[in-house]
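These are the structures, in structure tokens.
Each of the two complexes below includes chain A, the first together with chain B, the second together with chain C.
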Partner chain A sequence: MLIAAILVFPSLAPNPYILSSGVIVLNWAVLATAWNFVGGFTGYISLGHGALAGLGGYATGLLITKAGIPSFVALILAAVLVAALAVPIGFAALRVRGASFVIVSIALVLILLLVFQSWSSVTGGSRGLVVPRPFPGMLRPEHHRAFFFLYGGLLILALATWWLLDRSRFGMGLKAIREDEDKAESLGTPTFAYKLTVFVVSTAFTALAGGLYALWFGDLDPVFQFSVLTGSYIVLMALLGGVRNLFGPVLGAIVVGIALEYFKVEFGSTPLHLVTTGLLLGLVVMFMPDGVIPSVTGLAQRLRKREQSSIREFTAADLAEQRKRDREGATS
Partner chain B sequence: MTLETRGLRKAFGGVVAIDGADVQFQPGKVNALIGPNGSGKTTFFNCVTGMIKPDSGSVLFGDRDLTGRAPHVVARAGVGRTFQLCRVFPRMTAVENVLAAVRPGGLLHGLRSAHRQDETERAHGWLTRLGIEHLAGAEARNMSWGQQKLLELAGVLMAEPKTILLDEPAGGVNPALLDRIGTLVRELNAEGRTFVIVEHNMDLVMSISDHIVVFDRGRPIAAGPPAEVRADERVLGAYLGV
Partner chain C sequence: MPSGALLLQSIILGLLLGGLYALLAAGLTLYFGIMRVVMIAHSAFLILAAYLAWWTNDRLGIDPLLSMVVTVPLFFGAGVLLQRGLLSRLRPVTLTMMSVLITFAIALIIEGLLGYVFSGTQRRIQLGYGTESFNLFGARVAVVKLIAFALAAVSLAGLYVLMKRTQFGWALRATIQHPDAARLVGIDTERTAGFGFGLGLATAAVGGTALSLDTTIYPSLHWHWIGPLMAIIVVGGLGSVPGAAAAALVLGLAQSLLQIPMGATWAQTVFYVALFATLAVRPQGFFGGRLAQRF
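What follows is the complex of A and B.
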């Protein structure tokens, strides 16, 4: 159904603005799904994924403008480089848990913002970085259409990878980390190696999304690329949809992504769109902490039938009966 | 394989929890580690299983030196453990809790299905053996304390450890279940597994143990068969303060 929607949407979009909004929503969907590799599987809440996307964007742009590498080769190479950079970042950040990890991920965003603003000889600093378009002769609507499909392909790839990990033994280990990291390690799961591996995978997809954004939008500003707000939106989307579900972050991205676009159109550049986003986050955390999909499916199950408890203790009478049967079995 | 510690020491600031402990557990037996509250039993367990790094001394398992190694390395070496406050994966089903203990192996092995038929059958086998098969599809958080204790043990057994450390297996369980746990330990021991049990329930300890080590103030003060330990004046002194 998702594939069909991706294939059909560009033909149904009434104007280029709606099509470009579709590209933005798909960008959010890839970012939220990529975030969910870490947040959904391991329970580590990163607010730094917006900055990892920014790194992907800048790496792609710089490889094109400084090294003269073709656009899509630069995109792939940038994702590899940022994923490689994720190893030392993850090595430091994943040593702490819970709120400490969240703070470290925020620190990453702020450090990168300072670096990319200050290092103007390479990054363009506050003036930003102009990234040449990969399809120079293409008109705007066609440009949007091409990137809508590119993002669609990347989203399908990210979802397929998440699904593969979800059903794998590796995924089981990651989910055990989410549930109780010490317990998982005591059962033989190399928790740090698992966390680092999935962080690198997550970063690769995030960097690809960031790189595609650079190629599509064509202009990078460090203030927007390295923003805690971007990371917060990603978390909001994943939480709203449901982090334990394959399509949860996609659903969240569609709802929040459309809402963000709507708020921007309605309220312009006023901070009101931030207030409404904050309210949305508050409502999700209060009423649907597991996200929309688990809440709705749970409600449907409850309406279908009242679940009967399958739980019972063994009573002394049960055990006595069992021992009696065992003795009879042994003597016969 | 023999699990032993030599000169194991761990201090938390000025409090010495383990004070140069030389302990040797008997392989193939049910060993018990007893002592008054605060005598360092759980810290000793945590040092042995890598949850806490000792300040000095060594932990040996057969010819392997496990001192300060990460918990997953200790687990893979063949030492499994349960926790004093029972720990399960609350939002996983019972069978998933057991499957999570399957050794992951290398990268390609890790990408194999977590629900392979042979392993799932083995997991159900342990649930059946421990009497909680009827809860296979229930989330662990919805199970009672006693059932969670059994589930925790099923997970440990799934990992096929040679030596199993049980931290207060009788804590908070009803008498019928206590009876069941005691029987299980003896049965599992008869199949070749070594047990080391930290426990305050002396009836259980005396009825299932072959060898008892008594801790006081972070070091062993007596060791031997139950009858011998029970009669030891140092043990009476540690427990009764006489």
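What follows is the complex of A and C.
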């Protein structure tokens, strides 16, 4: 159903602006799904994934401009490089639990911003980095369309990987870490290796999304690439949609992503979007820390008054599917 | 090799800066000790207090130090409300992670509102004694920096006396050490925790006023403070006030000294280098006790 939606959307989009918004929303969807590898499975909340995406973007851009590597080879190479860099970062960050992990993830954003702004001989500093287009001679709407499909493919790849992990022994171990790390460890789960592996996988997808963004947008600015705000949007999307569901982050990305675009059009860039983001994040954390999907499922179940199994990950995914179908039925 | 006077100047400035860091890190340590909460919004409140001090000076024309008469009780109340109204209502299982998000949300709201009310323009207090300085063995020390340090030192000393000598301090320390046992001996731990939070936020009010004396402020400035402060409490060992104070002085000094060869921007990286080095070598921090090991 999601595949069909991705295939159909570009031909339904009335103008290139809507199509480019679609690309941005898909970018968010990939980022939120990639975040959910760490956040959903292990329960470690990272506010630094925005910076990892920025790192992927800059790595892609620098490989193209400085080393002269073809665009898409550079994209893959950049993802591999950033994933390799994630090993030492994860090694430092994942040795500690909870609080310190979040601190490290925020520190990562701040230090990268500092480095990329100051090291202007390589990164272009505050003037930004211009990345050449991968398809020269392509008109803008076609360019958007091509990247829409590229992002769609990446999203499906990420979702499939999440789905596979969710059903594997590895995923089981990760969820055990989320529920009780000490018990998981005493039962013989190699918790540190598991955490590190999934962090690297998550980073690789994040870097791919960031690299694609660099190729699509063509211009990188450290202030936007290494912003704590990007990371917090990702967390907001994933939490809003529900971190335990396959499609939760995608749903959150669609809702928040569209809202962000709408805000940009209506209000420009006033500081009020910070207030709105903060309020929304606060409300989600206070009242539905499990996300919209479980909340709605719970409500629906109470209304239906039917006894169902307590395994909610399965039913909720079904419900998400169904809701998506309903929505498409209503729009088309 | 830089000259002796420059070196002495850097050492003095580093120690003065370290004093301010120590006061603010003490507040963060309090929150963490009481509830295992990492308070991202601490530095946002710091900037808020600085803005209030600037506003008092700009609009009412009185000395910014007097704004503390209002901001300290106000922030104390805000801290109590924050703890009782928001943080104590989160699920205990996911408290650490969710509290990070909620305080992060508060930081965003404060930054957004500051930008909306006072606009993004950079602000600076103009004081009669703002440019005065005196000589100390050939080093120039600005009076305002000394005032800021004195404020921080007096508040830290006050905090120490409060924690060690009063009945409330005993109750607070008991709550930090073992909440269940504290409740058994008749301490109202929830109320104590609320007041502890208020105390922590009051340090942000003092720190913000001290900061406003000689710093140009703007709404997003708090991101430049939260990183170093977080690094300090991790290096010092989460939950340890003396550890945080020692780490604050050492890192403040290091930052100031490194500014000579590296420049102001790169010198900031010392905090992050220290953070990553600490986590790789000694994750529980260099001064932390048994509390820090589990987090």
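We adopt the following convention: the second predicted complex is superposed on the first by the 305 of 332 C-alpha atoms of A that agree within 3 Å, B and C clash if a C-alpha of one lies under 4 Å from a C-alpha of the other, contacts with A are read in each partner's own complex, and residues count from 1 in each chain.
Keep this in mind: a residue touches a chain if its C-beta (ideal position, glycine included) is under 8 Å from a C-beta of that chain, and two chains touch if they have at least 3 such contacts.
Computed from a prediction, not measured in an experiment: that's the story for all the values here.
Novice: With the two structures laid over each other on chain A, which partner does A:T189 touch: chain B (first), chain C (second), both, or neither?
Specialist: In the superposed model, A:T189 contacts chain B only, not chain C.
Novice: Is A:R167 contacted by the first partner chain B, the second partner chain C, both or neither?
Specialist: first
Novice: Does the superposition put A:I45 against chain B (first), chain C (second), both, or neither?
Specialist: second
Novice: For A:I106, is the partner it touches chain B (first), chain C (second), both, or none of the two (neither)?
Specialist: Only chain C is touched by A:I106; chain B is not.
Novice: Regarding the shared-chain residue A:K175, is it in contact with chain B (first), chain C (second), both, or neither?
Specialist: First partner only.
Novice: Looking at A:A93, would you say it contacts chain B, chain C, both, or neither? Reply first, second, both or neither.
Specialist: It touches chain C, and chain B stays clear.
Novice: Between chain B and chain C, pick out the one touching the greater number of residues of chain A.
Specialist: Result: the larger residue contact count on chain A belongs to C.
Novice: Residues of chain A that sit at the chain B interface in one complex and at the chain C interface in the other, please.
Specialist: The overlap between the chain B and chain C interfaces on chain A is empty, containing no residue.
Novice: Across the complex, what residues on chain C touch chain A?
Specialist: Chain C reaches chain A through residues 32, 36, 38, 40, 86, 89-91, 94, 96-98, 100-102, 104-109, 111-116, 120, 219, 223-224, 226-227, 230-231, 234, 238, 265-266, 268-269, 271-272, 275-276, 279-280, 283, 294-295.
Novice: Using the touch rule from the top, collect the residues of chain A that touch chain B in their complex.
Specialist: It comes out as residues 164-165, 167-173, 175-176, 179-180, 182-192, 309-316, 318-319.
Novice: Please output the residues of chain B touching chain A within their complex, sorted ascending.
Specialist: 49, 51, 70-72, 75-76, 80-81, 83, 87-92, 96, 99-105, 107, 109-115, 131, 134-135, 137-138, 142-144, 146-147, 155-156, 159, 174-177, 179-180
Novice: Can you name the residues of chain A that touch chain C in the complex?
Specialist: That would be residues 43-45, 47, 91-93, 95-100, 102-104, 106-107, 110-111, 114-115, 117-118, 228-229, 232, 235, 239, 270-279, 281-282, 285-286, 289 of chain A.
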